[in-house]
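Sharing a structure below in structure tokens format, with a few things to ask.
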Amino acid sequence: MRPNRLRELWRTGGAAVNGWLAIPNSFSAETMAHQGWDSLTIDLQHGMVDYATMVPMLQAISTTPTVPVVRVPWLEAGILMKVLDAGAYGVICPMVNTREDAQRLVAYTHYAPRGTRSFGPVRASLYGGPDYAAHANDTIVTFAMIETAAALDHLDDILSVEGLDAIYVGPSDLSLALGCRPVFDDVDPKAAEAIDHILARAKHHGVVAGIHNGTTEAALARIAKGFQFVTVGSDARLMAAGARQVVDRMQAGLGR
Amino acid sequence: MRPNRLRELWRTGGAAVNGWLAIPNSFSAETMAHQGWDSLTIDLQHGMVDYATMVPMLQAISTTPTVPVVRVPWLEAGILMKVLDAGAYGVICPMVNTREDAQRLVAYTHYAPRGTRSFGPVRASLYGGPDYAAHANDTIVTFAMIETAAALDHLDDILSVEGLDAIYVGPSDLSLALGCRPVFDDVDPKAAEAIDHILARAKHHGVVAGIHNGTTEAALARIAKGFQFVTVGSDARLMAAGARQVVDRMQAGLGR
Amino acid sequence: MRPNRLRELWRTGGAAVNGWLAIPNSFSAETMAHQGWDSLTIDLQHGMVDYATMVPMLQAISTTPTVPVVRVPWLEAGILMKVLDAGAYGVICPMVNTREDAQRLVAYTHYAPRGTRSFGPVRASLYGGPDYAAHANDTIVTFAMIETAAALDHLDDILSVEGLDAIYVGPSDLSLALGCRPVFDDVDPKAAEAIDHILARAKHHGVVAGIHNGTTEAALARIAKGFQFVTVGSDARLMAAGARQVVDRMQAGLGR
Amino acid sequence: MRPNRLRELWRTGGAAVNGWLAIPNSFSAETMAHQGWDSLTIDLQHGMVDYATMVPMLQAISTTPTVPVVRVPWLEAGILMKVLDAGAYGVICPMVNTREDAQRLVAYTHYAPRGTRSFGPVRASLYGGPDYAAHANDTIVTFAMIETAAALDHLDDILSVEGLDAIYVGPSDLSLALGCRPVFDDVDPKAAEAIDHILARAKHHGVVAGIHNGTTEAALARIAKGFQFVTVGSDARLMAAGARQVVDRMQAGLGR
Amino acid sequence: MRPNRLRELWRTGGAAVNGWLAIPNSFSAETMAHQGWDSLTIDLQHGMVDYATMVPMLQAISTTPTVPVVRVPWLEAGILMKVLDAGAYGVICPMVNTREDAQRLVAYTHYAPRGTRSFGPVRASLYGGPDYAAHANDTIVTFAMIETAAALDHLDDILSVEGLDAIYVGPSDLSLALGCRPVFDDVDPKAAEAIDHILARAKHHGVVAGIHNGTTEAALARIAKGFQFVTVGSDARLMAAGARQVVDRMQAGLGR
Amino acid sequence: MRPNRLRELWRTGGAAVNGWLAIPNSFSAETMAHQGWDSLTIDLQHGMVDYATMVPMLQAISTTPTVPVVRVPWLEAGILMKVLDAGAYGVICPMVNTREDAQRLVAYTHYAPRGTRSFGPVRASLYGGPDYAAHANDTIVTFAMIETAAALDHLDDILSVEGLDAIYVGPSDLSLALGCRPVFDDVDPKAAEAIDHILARAKHHGVVAGIHNGTTEAALARIAKGFQFVTVGSDARLMAAGARQVVDRMQAGLGR
């Protein structure tokens, strides 16, 4: 089975630089996949993407060595299994709040005896190889998002679930949940403290910690702290920021 | 009928700042349309877009005051009329090389008696208004691309065709045609001279001149020379450039 | 944030005339949006529409002042949050049967502290404005459908859930649930009584009442009774009825 | 090969009642196909439809006995052959202006020795049957649109082209071409005269005459005159008219 | 209402030969539908298909007498009701593990009073007929998949749920669940025994038994044992096997 | 620039085994691309594929070393340039009948000074590499189809056009054109003679000869004669043949 570069990076203590895809299109995905990201996450939760569009996006990413990851809309068995069958090498699940949530996540994403994932890796075996079934459990990466007050309350319960490879922090949702401003990088102290706490507990449990960032500065600082999977920006944000800059410069140049 | 802001800008000697869409998706189009461009051109020639995807992209642009323009793949009656029926307020036609080409272009894009455009503005009348038929000929803008050696040979013949509102220079194709490097901004002297010549003749004939640029600097310089419609970058290029910058900074920060 | 015209109408005691979209296409949606409806509901439950097609339909509606509403297939967090992120200004949720159902519905559709909606209004902030996060909770409208025997049993429990703005009656499902014929307007007495009861209790709790109708006569009569959100027909039904009338007249005229 | 009901109707002097599809969707097409039309024409010219969407629309029509017809965007070999390979049993070609145009149309739509249609009826043989190749030339119906001044000038030249089965009049384009108002039914005298002339010459040459109408009254009157293929309305127009009527009645009832 | 050929076959003790669709396309579906299968199952679980693509696939199947069946991704009310509204005449639900699961499945797929299916057979009544509502409960077929250890534990509880028409065995998932190799036909003894047991109990409860097979030999052998619904291969597998055979022969012939 | 394996095979006198894609879907394309073909041709002429669907199919093929080829619907500049910009490494153009046709084909598919291809390899440079512009003219392969009586008349004129890399014989169209039965392999003597003649003249001019086949036997025999590019079957035909075989065996086994 094709190895998962995320696991290889993590094994040596390295951190993965992850890009984010909110635009539901395979050409923009392929363009992003050629920019050198370690992995790209197709966002089926807040991105404008659904399953049908995700498939050619996964194919587009598969033309490069970039690792394909998918964030699902919710902790729901149907979609989790579908994105894996389509060839995702990592899944990020939002709002994992309890030990039971984490157990269901692990069950849905692993074949028996480790879980209850149904068997039918129709595209996954094209991408991963004919021995996919034998190695998928140890190759695919499962992330639980820690982004609510409930999740903080059950943090150790969640982190100690066997088979959970990683957690992913959504700073804006976590901030909202704690009554702070919903931002990515410059979070309020209460949120900052929670993030540090999550990271520390993840380290303690041997679970990889990932986080969403708005800037490279924040991402690098967080890697320095111990995060091993950092997202910066997204296709749509990068495009909009670039466009805004062009328009602003033109307006200024034209004295409008 | 909804007025065409391009004509309004030009009437007072102003220049329009145009964005470019190569990604075949209505969400990226809508995101671009919110960044303040005067107009956005959906590229059915070199962009990855075809008619069916263009329709929701036009709808997305129609949620803002940005003027929707379409570049067609070729001087072909069927697609020219279809993009107008779909509500484009401007069309850019590649490789107009002779007076006859320009006459066909004008004929296909105007109703009788000015041309032979077939009647059926199915979406155009939703966007333009119920009086579309009466005013379309004077509202829509038609651009002929000047980008070949043949076009240079027949420049005055082309520019003097009645009903041709504007020309659009493709610097890379023009450069290739003249044996120069295919670039947007820093063109070889021979190409630069040709561009100046085209601009001068367009001015002489009272035809608006537009041009593709790679940077805001080039675009502003060209406006200063007299161009009144300048494109800078594209959705895909802006996105890729932003992504590349993030990845480069991360690689540098990580010492890779 | 762009205000919600439904709330404005209701504030002054007015009623909204709502159209219904079952055809999964953005051109038919845009055509409908130009006919003067106060709001249009994209039906992801019984309509042939899913998330991916809904997005350009929302964009099409956004070219007009018509308020975009979406009926989701089921009370499921993933899809509820996705339709809101895509810019729906109202959501209708089928088969809300208990107080707990209504509480989950309100939680999924509101940001903390009022609920647990995850943060990422990717298209919603294009449509609503950059201050979307601050005002969404007070702008978006949440409808619970009352259409089962269980819902009748728990009517006051449901109606008293804080944050539930409105209810929506599906007369055919409600009729079926009560052992009556599944019709929209001329419902059996038992169903008629139930509808009156629902309206009265909604009024009592200060919750807006909406209902599906087959004809304008029924809709006007129901507004007269106190309903403030009435649907009449649907894109597909109106088209089919018009077509059938044409064919019938032609057959008659041709003596077939 | 499945027979063509249009030919059967015409053989006995009957007229076909044709519906029109401008909405690019297979569900609206299937709904229309269940309303009793003799044939349905998918409009790739002024409708919002392209080849890719046309395919499932043809499949949707194929669930009923309604004859599938396609209007192509232009007299272009590629698209004419593609719509036939996809299973259209009739093609309408816009703006056939000369004998040479008509000859090319016939050539592109018939196999050798009658024409130069390329062989590959990939879906057509599913719909028509395994003996499609042997009978297609005598089963499919080819319409040339007569709608320009040039076409009037070359009317007999066009009508006498062997293999041209039918002509189709676009009253609004014909009116525009003659300097009249672009309407369907109540055309200006000059256009009315031209229409009568076209019908008379078609009859003389044994070519079936078809025409676009806005109302059943006009369609019936034209059948009475001798037209044997009449279109009334379209999916989008019927839907919009129905919606407008509902909204108008609601507004009136609400005293707005 | 159009009768369900599956029920007709079963009534006389016959077995249905079922094809399988994993390719998300209506042309491949129509091609498959012309090969003589009694029924075709569109696989929304492990196939690459989602709701939006399923709709034209159902339309494609509806051009033939083949019975359209859909496997849903999971036991979830929203999608179960949507596939029925779209005209599926059979639904297969994965991983039905308990009596409560089976009861929910039956409830979601039947109208009151037998269940809680919401009313709105938008396309289903085009396919089934205007009297769909009256007969759907007795026409549509509901399959529960038996493929886990839990399901084996609760087998009689599941099989005795009123309204469950059939069960469907997934040999590879069942094998995995029992610690055996995930294969279709030549299953390990423990799995073989379980399959025989499931068949016997289904017979006892008067529930039709179906099963997935890799070869016609296995399928025929299982029919001989009493299975009445057998799947062999899938569109993608048949295509890949045919292609591999061609390539192998060419390689051999070329001495590569 | 990524080298073109077709050229590498031909350089050493080898023959390429080509697969054919008529199903408009990227998953079936990816499945085919994993079966070991040297190249895969996406058929935009008789296949059910158009530009928009072709793009993800090209991406799917790009996940493997298989060379992506596209057959365009017709000799039309717009679509020829679009398929190249999308990353096709070979184009097959139907019905090239004259020297002028062949010259236009070469012009449209090569950059200046060899031709007039417009510059904008948006996806092609992702697939081919950043130096695409410099090497495309020598890397991409252009095939002219020889399949009409006219082409036979102008055979040497066509074959001597500089820049034409290969010809492709469509045996069924060629047969039709010569009054023979439209078959792939066992063609009538007159067609067989014509094919031999084409091959001989192509060899004489140093132009590679390719041909469509129905069976591996025919393909191998033709390679033995000197053809260097042979197609066998297609995705849809292989799938249908496999399905028909399963159904036939089941019917036989069931004694139907």
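Each chain gets a letter, A, B, C, D, E and F, in the order it is written, and its residues are counted from 1.
Following the convention adopted for this analysis, contacts are C-beta pairs under 8 Å (C-beta built on N, C-alpha and C of every residue); 3 or more make two chains touch, one makes a residue touch a chain.
What you are looking at is a predicted structure, and each value in this text was computed from that prediction instead of being measured.
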Inquiry  = Can you check which chain pair, D-E or A-B, has more C-beta pairs in contact?
reply    = A-B
Ask   = Which listed pair, D-E, C-D or B-D, reproduces B-C with over half its contact pairs identical?
value = D-E
Query = Roughly how far is subunit E from subunit F, going centre to centre by Cα mean, in whole Å?
reply = 38
Key: Chain centre separation in whole Å, for subunit D relative to subunit A (CA means)   = 52
Remark   = So, in whole Å, the Cα centroid of subunit A is separated from that of subunit C by 34
Message = Touching at least two other chains at once: which residues of subunit E meet that condition?
response = 22, 24, 27, 31, 34, 48, 50, 52, 55, 76, 79, 123, 236
Task = Could you draw the chains as nodes, link the ones that touch, and say if you get a line, ring, star, complete or other?
result = other
For the subunit D and subunit E complex, residues of the former touching the latter = 26-27, 30-31, 34, 55-56, 59-60, 62-63, 123, 126-127
Remark   = Counting only contacts in the complex, subunit F reaches subunit E at residues 15, 17, 19, 22-25, 27-28, 31-32, 34-37, 48, 216, 219-220, 223, 230, 232-233, 235-236, 238-244, 246-251, 253-254
Task = Over in the complex, which subunit A residues touch subunit C? Could you list them?
result = 22, 24, 45-48, 50, 52-53, 72-74, 76, 79, 94-95, 147-148, 170, 172-173, 176-177, 179, 182, 236
Key: Of all residues in subunit A, those that touch subunit E in their complex   = 50-52, 55, 76-79, 81-82, 85-86, 111-113, 116, 118-123, 133
